[in-house]
């Protein structure tokens, strides 16, 4: 067990994968000579060479599709897309091929592809580099969506994705890369589709994932000062979604606040809320609440961006309003 | 023509006839509702599928389009599994999940049946990348139409394949229409093979109505790709005799134009050449037709008798293991 | 203590709703009694003045025991004007929580958990003041109300206890039925295509709140079919059946904690579908919160049970004594159906069953009854 940044945890897992399996290769824009736009793959080109750490042209649709083809051809490609906004250029290959080939071929094909990309705001990168669109991808059957929130998961969920016979998309919140956490470099893959209770409590379930987990935990600390014990759930995987853990928590607390950096309308939070209605209606002692991003393309100015994103006071406020306490 | 191997020539003719009769039967079955969805017929283009496949080995990979009945049959997918697929039966080549536009057969390295125009090209690039990384001397042949040339994926794929010297054989079936839009109405440069120049990629073209010319050009191209000299764009000029799909009233082209092209029917031309060379008697032709008819009757029988997949299996094969 | 269910032998008086000197009208609720089937309102059948209360709350007395004495006369003199109900204190202003919609007027704001708990603990949410957002009733409000109610007397026994006794009561009735009643069973499959099509069109014309479920069609069809085979609409008295003029179809309602009741939809045959639907919804609601009237439990002349929601295709019921028949419906399912002319089509069909008392009717008559139900369902517009 050692302390390590989220970025280093991914790099250590990448290195391990490249070392252990000759079928693995990394491909994406500036993953090689530049070391990755977020420096995740820094040093890997030197260690593994340009065949296995491949810089691609700015052709998201085609290099993602090539990842699909290479997976069909027996490789274990890892495709890095610089940010989720750029992944929109690859939606054809993601939605029409990665997600469908297994089914459309009557089960003959499988696509063991790993796609990594950054998501989320908070770095004043404005409206074409800051959105959280993982909820869109979670809509699609045939692919899996994981959202590591801590360094250990950045490693564990990546290793799990690499062992998965189906396409797995990893969304890395860009503000998390420098955040340090305890990582066991000997640990094997995590389980995809398993949520975790990051903090136990009995007053309300705060359900979140990825970049907002830290904010939810901070809000829980503030609430604890007033004796309100919030349970914080880290979803870790959006598809498959661990409904069981969500419902078990709500059955204990009878209240749920969902924190999601996506826009509120048609957000992933809406899906979680619906699951609670379907499976936990008679446990609820208050309407489910959501803390999401404001319905606006991400503004550049700091104070405006802060106002657009879910923040700790908003989470605290939602919980207090639900409990009817104003202290 | 006299030096052509008779057995090979008859095999080519039989394959073209099989495709033609198979599709005529499919159109008939569509009209009585046995086949539903979209049905894109290949009739008129048979020489392209049959000629190109001669140059490919069982190890090579194929990525095709939604007008892929011809490629699938020429590749050796059993006619019965294709007919059953169009019926939506569980004994279809894609277990009834794909239909006419999505034939798959991994055992024959036939990677579909892609119905997004241009969508198959990046996949072919990836298959070739895997071969290159594993140092396998295989070719991935990627079929697409003239319509796909306007897609970004075409340009991205040519660039990437050329940049990485990947063993992709890009096979453009130029039938002059992107659905209903004539080539000159959607391409600033309608000479398709010249697009390869921009990517420093080798290119060639052949008469897609002449099965021997297609075979010869493909052999040359595939050999070059197999030798590791990088990808190649081969343009095959052909013509679709039938409408784009069953739902097409053909307002965009004249009857005279279609009639003109039908005079160059690849099956008619080849039959005449073989007869002129004394390689094909009337009895030979009748015997080929009879054997093709029997094969198609058997295919329809298999499709009719095939089971429906139980609806309980609806969500099967979305993932390898149900999460 | 009125006999409210077939095998009821005693009841516990929970609460008096009237006090001595009160004028009583026919249909007034005078008291609340706990039975094996739950909390039941006791109605007054004769007008008068409540003279004296004999049995105090908390006491359990055998059926037939006198609970109170009603003076059989019209009240004389000017009765004191009823005091106006004290105005409710306004609820504290809720903190702003934008996504929460205000409760529709006339409907209590009760959280789902609180509603469930209220049913389990026998608390009427209408009597509870909510402390949640916007005055919503929450779990703790119900728990406190239940604790308050339990404090002065030991009145409502534990829910579990009641559950066990409900089971016992059902067991006794069913055992008696199987012991004494020679059942015969018939089943028929009914094409529901016309009924469902008509219903879909009919519902388009109705406001959402007035939509009719197909269950109402089944109830009405059964009620009308009884006019044609009236012996099934009887009760067994002593050693012979007594035909009932009125048709009161009892509808089996499962209770959330387990067990069931089958209260009557009075005068079923003469109600419109819309009225039947409203009254059926009301019955279900009250059955599950313990607000059934005594007459609703004692009046059914036949029972209808439907297990379609559970996916069951056919149900062969056990007759509820002293009734002499029970009609069952399964789930509506799509099945191959041969049309006149031999064409095979998929049709929504339902299996209707009849369990009937052979002492009162024979299979021939039972068959006519099911045929009548079928025929009625083919002309849904006339229901």
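A, B and C are the chain letters, set down in written order, and residue numbers restart from 1 in every chain.
Methods note: a residue touches a chain if its C-beta (ideal position, glycine included) is under 8 Å from a C-beta of that chain, and two chains touch if they have at least 3 such contacts.
Keep in mind that what you see is a predicted model, and the values were worked out from it rather than measured.
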item: Chain separated most widely from chain C, comparing mean CA positions; value: B
item: Maximum inter-chain contact count - chain pair; value: A-B
item: Chain nearest the overall C-alpha centroid of the shown protein atoms; value: A
item: Centroid distance [mean C-alpha coordinates] between chain C and chain B, Å; value: 68
item: Geometric centre distance via CA averages, chain B-chain A, whole Å; value: 41
item: Separation of chain A from chain C, taking each centre as the mean of its C-alpha atoms, in whole Å; value: 51
item: Residues of chain C defined as touching chain A within the complex; value: 94-97, 99-100, 111-116, 131-133, 136, 138-139
item: Touching residues on chain A, where the partner in the complex is chain C; value: 254, 281-287, 289-290, 318, 320-322, 324, 326
item: Chain A to chain B touching residues, read off their complex; value: 25, 51-52, 54, 56-57, 59, 61-75, 77, 92-93, 96-97, 101-110, 141-142, 144, 165-166, 192-193, 239-240
item: Chain A-facing residues of chain B, complex; value: 61, 92-98, 102, 104-106, 111-114, 116, 119, 121-131, 133-134, 140, 152-153, 156-157, 159-160, 163-164, 316-321, 323
